[in-house]
Each structure stands twice: as C-alpha cells, then as structure tokens.
Amino acid sequence: MSLSVRQGEIVGVVGESGSGKTSLARCVAGYRTATSGTVEIDGRVMTARRGPLDRRRVQMVFQDPYASLNPRMTVRQTLREPVVVHGLRAAGRVGERVEELVDLVGLDRRYLDSRPRQLSGGQRQRASIARALALEPEVLVADEPVSALDVSVQAMVLNLLADLRDRLGMSILFISHDIAVVSHLCDRVVVMSQGRVVETGAVDDVFLRPEHPYTRQLLGAVPPHPWSGHPPASPGTSRPDPSQ
Amino acid sequence: MSAATLAAEGGSSRTAPRLNGTLVAAIAVLLVLLAAVLAGPRWLPSPTEQDLGNILAPPSSVSPLGTDQLGRDVLARVLAAIRLDLVVGVTALLVPLVTGSLLGALAAWRGGWVDEVVGVVADVVQAFPYYLFILVLAFFLGAGLSSIYVAVAAVAWVSYMRIVRAEVHSAMQQDYVQAAVGAGFSGSRVLLRHVLPNVFKQPLTYAVTDVVVVIVSTATLSYLGVGVTPPTPELGALVSDGQQFVTVRPLLTVAPGLAVVLVGAALALLGNGLSRQVDEA
Amino acid sequence: MNPLLEVDGLSVAAPGRRGTTYPVRDVSLTVEGRGTVGVVGESGCGKSTLLRAIAGVLPRGLRAVEGTVRVDGREVDTRRPSGEVAMIFQDPMTGLNPVMTVGEHVAEVPRRRDGLGRRAAHDLAVHLLQEVGIEDAEHRVDAYPHELSGGLRQRVLIAAALSGSPRLLLCDEPTTALDVTVQARFVALLGRLVEDRGLGVLYVTHDLPLLGTMCDRIDVMYAGQVVERGSTREVLQHPAHPYTEALLAAAPRMDSRRARLVSIPGRPPVLLADTAGCRFAPRCPHAVDACDAAGPLGPGTSGHESACVRRDELEARSERGVAWR
Amino acid sequence: MAAPSARRRLARALVAVALVVVVTFLFIHIVPGDPARAILGPQASPDAVSALRDRLGLDRPLLAQFLDYLSHAVRGDLGTSVAEGVSVTSLMVGRAAPTVALVLCSAILTVVLTVPLAALAARRPGSLVDHAVRTVPLLGLGLPAFWFALVLIQVFAVRLGWFPAGGYGGSPLQSLRALVLPALVTAVSILPFTVQSLRVAMIEAADADFVAAARARGVPPWRVLRRYVFRNAAVPAVVVLGLNMGWLVGNTLIVEKVFAIPGVGALLVDATLSRDFPVVQGLALVIALLVIGTNLATELVRIGLDPRLRHGKESLR
C-alpha cells in the first residue's frame, strides 16, 4: 500500500479493528519496521533503525491520555526534556520555549508544575500533544487520539488539531474508527480493510461519492447527526469559566 | 460558585497521602524495638559477661528476664541478638536486591535470549529449596555468618528479578515510554528516566518483608547449629541453648523466640503497610 | 396499565472519606414494554450507576438510599437482582466468564434456576444463539469467549441475558468498543428483539447521534440528575437544556465540515451534598443569576421537560435556528 | 506474567533439569581448594583425604567424572553414604514415606485454611474481618518454624498430651496423628502468601463485569460464587501455591528435624552435620527435580483451568 501526506494537511485513515490502521501508524512513526516498502519524509527515506534525528521528524500522539505521560514527571519536566536532549534551544531559552508550547496547545501555564494525575483527561491530551510538538516534527501521527475521550473533550482536541494544521501548517496522519470525526477534521482520507487500502481521495469525494462497496457499507452504518439547528458560533460566557 | 463545583476542583488538587493504620503501628513497634536495642547496653550488663555464682536466676530487678546457665543476663543477650539479626537481615539483602533488580530490568529490556537465560537460571536456583541451599553451602563453607550472606545472595535475587522484570515489562508497554523512545532518546535515558523511576517501589517494598525471611532463616540455621556459633548471641542459637532448661526456665527459650516473632511481625506489617500505601498513591 | 419499569425518586449514595457523594440523585424515569429509552450524558454523570441500581447489582460501597424501582408494578429490591431484568455491559470481553463456554453461559439460567434438563437447556441455548443471529450456533456453543470476535461476544451476552426471559434489557454502552458496522447490526438486532419479544430497553450511552436512530424517548443525565426528557425527536431537534445543546454541538457531523466544534469547558462535578440550583450553571454559556434557584424538571412550550430556567427561550431559538444569547 | 504455552514450559523445565544435574555435580568443585578436604573437614588426616580422593575419582578429568556421575544417576545410583555405608538411594527410599505424607498433609491443610479465610476476607474488603484476616497470617511470616514447633510440642504434646511430641510410624492412624502438629507448622509458614493472593484474586473476580452480568440475569448466588468467583480466583491461587512449594518443602526439612520425623529432611540435616557428602548431593538432586516437577505441574494445571492459555495464546489481561 502507499499513501502520502502533504504539508499542512490532515490525512485520515479509517477502517475497522484489524484492518491494519494501527500497524500503519506504528510503521510510519518508526516503532515497527515494514516488511517491505519505505517511509519517506520530505523525500528522505527513513532507515529501518531510525537515529534520533529521524525519530524527531515524526511524533506520535497516543490514544489513552492516562497512559501517555510519565506519572513521575511534571508537565514542565516532560516538555523540557525533548528540547534539552535534542538541543533545540539555548540553555537559557528552554523555559521560554516550554511556555510557548503550553500556550500553543491551550493548556493554562499554572498546570506546568502539575503531575499527570492532577490533570483531567483533556488536559493530559493537550500536554502530550505539546510534548510531541516540542520536537518540532514534520509529521504528527495521531492514533485514535479522541476515542477514549468524552464528546466535549473530544471536540476540544479536534479543534486543537485543526488549529495546528491551519496555524503551523502541521501535517497529520490521523487514525480513527470514527467516520464522523474523520469527515469533520480531515482533508483527505484513506479507507482500509483487511490490511489494504480500498479507497483514497479527498474527504468530500470519498464520503459523498463512495466507490468501493466497503466504503459505502461503513458510511451506511454511521448514525446521522440528528440536530438540524446550527451550532452556536462561539458560546457566549456570562460567568467565569471554571476550567480556566 | 456552588459547592458541587468546589468539590470538582478539589478532586484535582494534590492531597497528601494518608498513612494507613498498619503502617503507623508497625513503625511505632519498630521504633520502640530500636530504642531498646540501642539503649539497652547503657543499663544492662554486657551480654557475654558470665557470673557463675548466679546461674539460671529467675527474673529480678537487676536482670529483668533472669540469667542463663552461665549467669549471663538474658535481656542483654536477647537485645544484642535482635541487633545482630536485624543487621544481618538488612545487609544480607543489599546484594541480591541490587543484582536481582538489575537482572530483572535487563531481562525485560533486552528480552530474547538474555531473558530466557536469566529465567532458566532463576528456575534452577528456585528448584533448590531455600534451606536446602543454605545447608549445602554451610556444608562447604562451614558454620558462620558468611555462609548465610553467601546463601542469601545466591537465592534471594530471584524474587527481585521476577518483580522488576514484570514491572519493567508492563512499564515498557506504557505509552509514555513509547513516546520517549519515539522522541529519539537514548536507551539508557529511557530506562533511567522513564522506566526505572516508575518501578523501584515494588522491589523495595518487597525487601522489607524479605528481611523477615532472612532473619527467620538465620535463626533457624543457628538453631540447627550451622549458622552463628556461640558465644555470639543470636536469637535461634539462644532458643537452642535454652531448650535443655525449658522445664526449669522456659523464659530462656520463650524470650528469644518471641523476639523473632515480634521483629518479624513488625517488619511484615511494615512491608504490608508500605505496599498498600504504594498501591493507593 | 403499569409501565414496565418505573423508577421513582431514586438516589444512590457512595460513602467516602471526604463525605458521602451521590452518583444518582432523585432520578425518576419510566420505560414501557416494546419501548426503547435512551439515557445520555458524559462519563461520571451516574448513568451506569443508575442501570446497576435497577438491575440490583450496584458495585461494592454504593447503595440506594431513597426512592423505589418497580418492574411491572411490583417493587424490586435494589440490593439484589430481581431476575426480571438483564444487563449487558460495555466491554463484551469482561462481561463473559473466561473459563465458561458460550453454551454454559446461555444454558445456565434455564438449567440451574428454571430446572431444565441438560439436553433441553442445550437446545434452548442453540436456539437463543440462532435468535441473536449467530451463524453456526451448533458449533459455536462449545467455544470459549476468547475465541470469538467482539461483535459475536456481544451477541452471546445478549443471548445469555435473554435466557432468563427478562422483560427489561439494560444496556450499558454495549457498542462503544465495537466497530460502526458491527454497531449498526447490533442496533438492528435490538430493534428486532423489542418487536418480537415485547422487551423494554433502557440504553445508556454518550453517543447522542446513535440514540437518534434507535430510541423512542431520551433522558439526558447530568451530575446524577435528569436535566431534560422527551421524545427523541423533540430532544434532538429542539433541545431545551443548554447541556443537551452542548452535547449536540460537540459531536462532529458529516454534513458541515471544518466548522469549529463547541467543547464544554470544565467537567462534571462530584456531588458531595444537595446542591441548590442548576448543577450545569458553572459550565453553562447561558447561565444567569436565576440559575442558582433553578428547580426540577418542568414542561417547556413544546411539551417536553427540561430543568433549565431559560428552557422556553432556548426552545424558541432552536426552532427558529438562530443564534441566541 | 505472559503465559507461554505448555510446550515451551516443558522445554524450559527440561533445561532446568539438565542444569540442576550439572549444579549438583559441581557442588564439590565449587569450593576453592581440595574437594576431598572440603568434604572431610579440616581435622581429617592426609591419608583419609587421599583415600577419599581415590574413591571419588577426583583426580580424573572433570568431564569423565561428570559422565560417570550422570550414568550412575540415570540408573538410580547416587553413591554410597559415607556414614552408614549403604547406597544413598536405598537410604532415601526408606525415608521417603513420612516426608511425602508430611508434604501432602501440609498442602491439604494449607488449602483447607486458605480458602475459607480468603473468602471471609474478600466478602467485605476493608472491613474489620478483612483487616484481621490480612494481618494475622502476616504474623506467621516472622514465626520461625523451629520455635513454633517447640511451642506446639510444649503445649499440645507435653502439657495436654493430645498429640505425640514427635516421631512417626505405627498404624496409619498413629502416623497421621503424629503429622498434625508438623503439618500445622508448615502450613502456617506459607499461609500469609496463599491467603493474600487468593483474597486479591477473589476480590478482583467478584468485581468483574461478568459476575454482575450473571447475577443480573438470575444465575443463583451459590453458583455465581462457585463457577464465576472461585473458578477464576483459583488460577492465580494455584500459581502461588505452586511457586511456594519449594518454600514448603524447605520448611519440612526443619520441621522433620524438630519433630524427630524419620524423613528425608531430617536425613539431609543430619548428613550436613555429619559431613556425609554423597547423601547431601543425592538428596539435593532429587529434591530439586521434585520441585521442578511440581512447578511444571502447577503450570499445566493452570493451563487446564484457564481455557485462554490452552492454545498457547497470550493472556488477555
């Protein structure tokens, strides 16, 4: 199979469990070597055993926000580590970079010295996205990053990923079993079944005019969004927001 | 803001872990024991000082637990023996704690043949029951503390290896370790910064309970005559010594035996309390 | 005639170190025979606890302190199962005993409780497995749970649940761990069982769009209480509570891509004691001072119930489809 | 722990057996210096030492000695006792019955004590009963077997006269009566481990969704307890009992000595004290093989109890 992700776009990979989505994500992120074929980033072929520099260029966002942060490290330590180890900032400017990162993902600075267990699921997921961004990767691989979250938190993470694409031009490979989420967030989509790609193209083409029977079957199974009302443009807040 | 929201905010703040009752009781008993062991020599006669004019004396204000067949003060000997056994129990475990933990980490980290080899060696060591192993070693090295140290070092590492191996194994499945690998950190950095800090509590907690096992086996071997040799006061040796006078002065066997039970119980409770504390934290 | 299930003023208490919390507080709801009622809310809103209380299998440490549960007009004890309701769980793996075969699960209640013979129980098991759409039931009956796919396990759980001929089926997010196509087949099966057996179904989920395809009525739960209730159409088309509206606005939709989703700031509160007023107010974009004295559920203009003090404004606005402040 | 298939388990046990044979052979070669001198002790005369060296063939190449040892061991010949002049094998066979009886009694007593205690504690976790059941067996951890045995002898044999103070033999009933106190001592020494693990396993099983689901659909309570809670809790409990067999066997050595039971354990302790090397070596080999056998049997029982392990699949938990 082959697929490509361009600068500043989100490519969704959908399919059912066992369709090979996660294997694909792990190959791209360099956790597993492909039995055949190559992964190229910016025209450069990634070797089977990636060195630190190659690893840096692809970063992964994990599914379970409760397992993806080292429980013994504060948010600040978690974010400092990659910046320092890879020497991405001069010693005196690391702190500044850490603050930049939490601002970028919309995590309040007062959580910098918190440990993961003091954070909610949504806050943890922001922190682990910030950690991935700390390495200034060229591609983010997000493996079911919202499937363990409640709808309200899921919305927040989806908005954040869209922002990263629009503001930073980040390229994201987004693995999900949720068709509605992929349809909402992604620019292009790859439909997988039993280890192979059955259909690929722009989201509008694939989801509005599916050609492969499997894609049609998938789309047919999605419950339609029942609300005809328009979502409020932005919620007006007449009281202090308890989360901020 | 309503009470309900306050509660939600409170749930995210850090709360100091509460010490459980078992832990407090165990620490209290151990502190009292420690104080007695350290302060005893100031008030009591030397544990090896004989007074042949005053043998097998009943308890008195001078000798609270009486004297033995050589007129030595029983309380002084029991306290000295507790001290010896505690020191042996703790120091004998240092080597197996370190080697076992390192081997366990190595086995889980490298996997493959390293894991298999470490596992088979552990199987072989465990195939020889503890006392059998120590008896065989005592056979060759002769009676004495050194046999006990060597035997504990040769046997006890297996538990730590198994515990740390399992812990490292599950830590390595955790996404945060995967993330550290994916960030391009070196193997030693991932192991030292991300894996080991999250697994070191379990072997340490287990070691506390293990001290009990070492103390009991030291006493057992000395009782059988293959451990600490007289006249050094050791709890098992004291029981063995006093056994011939059990009908006249039962205290000579009861006191050192109870001392083992007391020390063992306090340490066992400490270990249990600590592990519960670790689970809740 | 009595409704099949009638929950009246139910409260479940969880005594804890920092005081007693109430995962379910003064909840009333009904399910009719041949009816499917959905309960929706974020995690931690008390949906699962409500189901477990009705089934009589509350987890250790929780107990129902007030209110009654009636099945077919008869009051049941929330401390033990009544045998007239059956429950299926989110994770079909943990819902089945790993050391028992499929057949043993399904034949168990007929054989041990109802005293059916060995042969008859086996035949009934095969029949039930066929009824829930398991092909090759004769063969699968001897399989162990770990040998089946998630979708099949969920069907086995239903067959086992049906084996006691329950009137009411309680579903605790049964499809969250399943793929969409499997979920669609599961929902279809549930609909058929409601028709064929006259079952009542109480279905708990956080997936509002899913409820839209299968339920007659919806109860929206927040922080242990029902905050909105009505027919599926009314609740989903004209939400009369800001929480329902927020849940709808947070769900991504196929038809309007790239719009910003609305996330709900904060998270559900822990219910320490009785709180006066609306519990959603601290997270609500429309909160006003009157919310501090908000009352229980009340009828709105279109007839369905909401606990919001501004429910009439909200409904009017959603009917006109205009933004509302 | 990952659950390897039965075949892998078997292969590993075979490797362990081979290593055990090598290790017991090397016993006399591990110590620096002259093995014959090590066996006879520092007081022995040089003549006796060289005589023993000739008799054991210690001057021959190591490999030849090992092959010799191996070929004899395979045929059941473990050498001749220095002290008693009879073959180690016959010595051991004569002493086996009391030890086997003691180990069996101890294991049965352990199970009989563990199951109700763990069930009692698991009924209401965190209750007073639970705390008591969790704490009291812990005290047994620090209870030295030899001392506990002495106390039991003083109380139940000397003062009350309910049981004999020691020994073994006579009618089966007399033998069984003689084993009550020794079995109690060994059982108490492993009770902390078994009660703890069965309790945790039972609580875990009782909290599982499948128990709630079974209760909800009307499975009778006793059946839920038996088929759902106990059956699932048995798997880890069997493992713990098996892993502690070595500890249990080791304790019987001490207990036999104190209760003067003419078993293999007492033989080993006496042989150690009287420096009867062939007996020590032979017994070590046989006991180690038995422990490996027990561990293997435990693993197979576990695979039998848990269908998930039967096809060599990894456990899902």
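Chains here go by letter, A, B, C and D, matching the order in which they are written, and residues are numbered from 1 within each.
We take it that a contact is a pair of C-beta atoms (placed from the backbone, for glycine too) under 8 Å apart; a residue touches a chain by one contact, two chains touch by 3 or more.
Because the structure is predicted, anything quoted here is derived from the model rather than measured.
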{"item": "Interface with more contacting C-beta pairs, comparing B-D to A-B", "value": "B-D"}
{"item": "Distance-maximising chain from chain A - centres being C-alpha averages", "value": "D"}
{"item": "Between chain B and chain D, centroid-to-centroid distance (C-alpha), Å", "value": "22"}
{"item": "Gap in Å, rounded to a whole number, between the CA centres of chain C and chain B", "value": "52"}
{"item": "Gap in Å, rounded to a whole number, between the CA centres of chain B and chain A", "value": "48"}
{"item": "Of all residues in chain D, the ones touching two or more other chains", "value": "none"}
{"item": "Touching two or more other chains - residue numbers and ranges from chain C", "value": "266-267, 281-282"}
{"item": "Junction residues of chain A, two or more chains touched", "value": "120, 242"}
{"item": "Partner chain B, residues of chain D touching it in the complex", "value": "1-2, 12-13, 15-16, 19-20, 23, 27-28, 30-31, 38, 131, 134-135, 138-139, 141-147, 150-151, 154, 192, 243, 246-247, 249-251, 253-254, 257, 268-269, 272-273, 275, 277, 280, 283-284, 287-289, 291-292, 295"}
{"item": "Complex contacts: residues of chain B adjacent to chain A", "value": "1, 5, 8-9, 12-14, 174-186, 189, 193-194, 197-198"}
{"item": "For the chain D and chain C complex, residues of the former touching the latter", "value": "125, 207-210, 212-220, 223, 227-228, 231-232, 235, 305-308, 313, 316"}
{"item": "Chain C residues within the chain A interface of the complex", "value": "42-43, 150, 179-184, 206-210, 212-213, 232, 236-239, 245-267, 281-288, 318, 321, 323-325"}
{"item": "Footprint of chain B on chain A - complex, ascending", "value": "29-31, 50-56, 58-60, 62-64, 67-72, 81-82, 85-86, 114-115, 118-120, 128, 131-132, 135, 242"}
